[in-house]
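Two complexes follow with chain A in common, the first pairing it with chain B and the second with chain C.
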Partner chain A sequence: MRAILECKSLNKKYANLVALNNVNLTIERGKIIGLLGPNGSGKTTLIKLINGLLVPTSGEILIDGKKPGPETKRIVSYLPERTYLPEWMKITDAISFFEDFYSDFDRAKCMDMLKRLNLDPGRRLKNLSKGTKEKVQLILVMSRQADLYCLDEPIGGVDPAARDYILNTIISNYSENASVIISTHLISDIEKVLDEFIFIKDGNISVHAAVDDVRLREGKSIDTLFREVFRC
Partner chain B sequence: MLGKLIKHEFKATTRLLLPIYLVLIALAMICKLVHSLDIFKGILSLIPGTIKIVYIISIFASLLITVVLTVMRFYKNLVSDEGYLMFTLPVKASGLISSKLLVSVCWLLINAALVYLTYLFVFPGKTKQIIESLLSIIELEFGSRSTFLITEFAIVMLISIVDTILLFYVSIAIGQLFYRHKIAFSAAAYIGVYTIYQFIAAIILLIVSLFSNDFIFSITALSRIIFPFFIFFYLALAVALYTATNYIFSKRLNLE
Partner chain C sequence: MWELDSERPVYIQLIEKLKADIISGYYKAGDKLPSVRDLAAQALVNPNTMQKALSELERTGLIYTNRTAGRFITSDESIIRKLKEEAAALQVREFINSMKQLGYEPEQIIELVTRLLKVEGNQD
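Let's look at the complex of A and B:
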């Protein structure tokens, strides 16, 4: 089966800053991958390139063999690091919106998750706290049956109890053909769900390995390794 | 997918624009009511005149607000945080632009229709009189060609509305190419694109005036040359502006 994501000599420069430097990366299906790195390391840039919100300066990015476009957006479910739903919408409006545009959206699953987190679908987004908005967005994104989930800082703003529920949702929701990329610096929280991890620093990918390999070979957790690699 | 985009665009914009049109209708009704009452004496006799002025101002204000709000909506929905939602939908950039353009034009037409209807309601005799005298002047000058001429004029107006909106769209698209000061660069782009298009129009007019003879100023020339020329020119401009906006959003998207 074709890799869900391939980056070939991918470069992205902003005005005078190199955000991604010659990134070569292949992500297979059926994996949960942690995209780990300090602030400003290029995590969000990579995820935005996958979703076609930015255009590479050079190189190529392929999702299921195709360049980012309507075809790839149909199979990628993306949670940005910011609140992106229009404030005037009620949660039900946002649900209808997702249902209309994404054929893989599962309304029943979405309602179920809202109920689990005690969220009233009739509430307006404007009146929700930042953390609650983040939960709503994550629920919408995880209610899709996508091939690739890109979750940019999915647990940063939510409380630890909801964090556990969300991580469980992520691992129990995706099918074996799907992959999940989670960008975060809260490594210890998500380490237990990861199959693979990627260390990224100053736009360069320094390590891409299986979590179990590192645990066996080095005898340490990814969190510890991260602290060693990225020591300030 | 275009149908769904249009549906959601209407849903989002109705919320913004409906209150404006309700105010316009309410002012027209108050104006009509006040004028039908003959109870304002002395200093109070200023009231009907003032309300009439407020109603007339609200006509122009409503048209201006419609343009401003739809342009702001375009910016907010596509280039700010909401752009993360819109540009990750499985649709082409052209679908996003077209749905917004169509809905904006629709609202302007609805607005224009409301202006006409409320005016007809407030000043029925005067409105009919103005329209009849206008028609009779056109009839007198252009005879059998008048229907054709009016149609041409309507097309020119419609396309120039589209151009006005697209000029804002392309400026916003150019502005988002920059890493900082996106709004400032959008404003600069607007001035830049507007100047270029005025410049081209001036050159064409200059060329036309060099080769023109008396025929160009004749009545026949208006419907045979002048209006068709404007239709062609505005249409070419619309195609250019749309293509540029679509190119930038499809190939050069740069969301902050």
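Let's look at the complex of A and C:
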């Protein structure tokens, strides 16, 4: 089967700053991948390139063999780092919004997940706590039947119990043919749900490997490896 | 409860945990296992990793797949008994090693174990 994501000699520069430097990367279907790197390493730039919010300076990025555009947006579900839904919206408004935009949105699944959280869909986003708002946005994003989910820092602002809820939502809702990219620097919290991980630093991909291979070969966690590789 | 340490491959720890659950009788001979997804969600691990662990257990004959009905624990009690004996032997071997390091001779170990088992028996 065709790779869901391919980057070939991908470069992105902002004025004089090199954000991504000659990235070559292939991501297969059916995997959960951790995009791990310190702040400012290029994680969000890569995710924005996948979503067509930025264009490459040079090189190529292909999603299911296609350049980012309307066709790929249909199969990529994106959770940005910052909230973008207007505060005045009720949860039901946000649901209708997603339903209008994305033909692969599964309302029943979304309502079911909200119900399990005991969340009243009539509540306004501005009245939700930060953690609850993040859960709602994740539920919206994971209620799409996408081929690629790009989650930018999905567990950044929430407590450990909410992190487990979020991880559970991710692993129970992607289909066998879909892949999930999770960008984070909170490695110890997510490494057990990952198939593979990517280390990125200063726009360079330094490692792309299977989590269990590293544990088997090196006898250490990805968190430990990260601390060694990125020691300041 | 699934307690996973982060230094060792996850699938190996899942295999150990599932074996322990079979030995302890949490899963009994012939029991149906939850789906890969449900088990993965319980353990909060990647479904692919759970799949790998289950495939490995299948290879050893401890569980089997019925194409339509799902995965089951083997109905062959002798396989489970053997697994249990192996686990017990491992514990005893580790114990003997620790006792040797403490400087105990085999007769002394037997004497001590016998005495303490009696004490425990009296307490029950």
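Everything that follows uses one rule, which is that the second predicted complex is superposed on the first by the 232 of 232 C-alpha atoms of A that agree within 3 Å, B and C clash if a C-alpha of one lies under 4 Å from a C-alpha of the other, contacts with A are read in each partner's own complex, and residues count from 1 in each chain.
Everything below uses one rule, namely that a residue touches a chain if its C-beta (ideal position, glycine included) is under 8 Å from a C-beta of that chain, and two chains touch if they have at least 3 such contacts.
Keep in mind it's a predicted model, so treat the numbers as computed, not measured.
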Check: Overlaying on chain A: chain B and chain C, fit or clash?
Finding: fit
Next item on the list: State whether A:A15 touches chain B only (first), chain C only (second), both chains, or neither.
Entry: first
Item checked: Vertex chain A angle, Cα centres of chain C and chain B, expressed to the nearest 10 degrees -> 160
Margin query: After the superposition on A, what does A:F101 contact: first (chain B), second (chain C), both or neither?
Written below: first
Note to self: On the A-aligned overlay, A:G122 touches which partner chain: chain B = first, chain C = second, or both, or neither?
What the structure shows: neither
Next item on the list: Answer with first, second, both or neither: which of chain B and chain C does A:P70 touch in the superposed model?
Entry: first
Next item on the list: Pick one for A:Y84: touches chain B only (first), chain C only (second), both, or neither.
Entry: first
Margin query: According to the stated criteria, A:N51 is in contact with first (chain B), second (chain C), both, or neither; which is it?
Written below: first
Check: Minimum Cα separation, chain B versus chain C, post-superposition (Å)?
Finding: 27
Next item on the list: Could you pull out which chain A residues touch chain C in their complex?
Entry: 30-32, 164, 167-168, 171-172, 188, 191-195, 211-212, 215-216, 219-224
Check: Okay, in this complex, where on chain C does chain A touch?
Finding: 4, 6-12, 37, 40-41, 44-49
Next item on the list: Could you pull out which chain A residues touch chain B in their complex?
Entry: 14-15, 48, 51-55, 69-71, 73-74, 76, 78, 80, 82-86, 88, 93, 97, 100-102
Next item on the list: Show which residues of chain B lie in contact with chain A when the two form their complex.
Entry: 1, 4, 7-8, 11-12, 15, 77, 81-85, 87-92, 179, 251-255
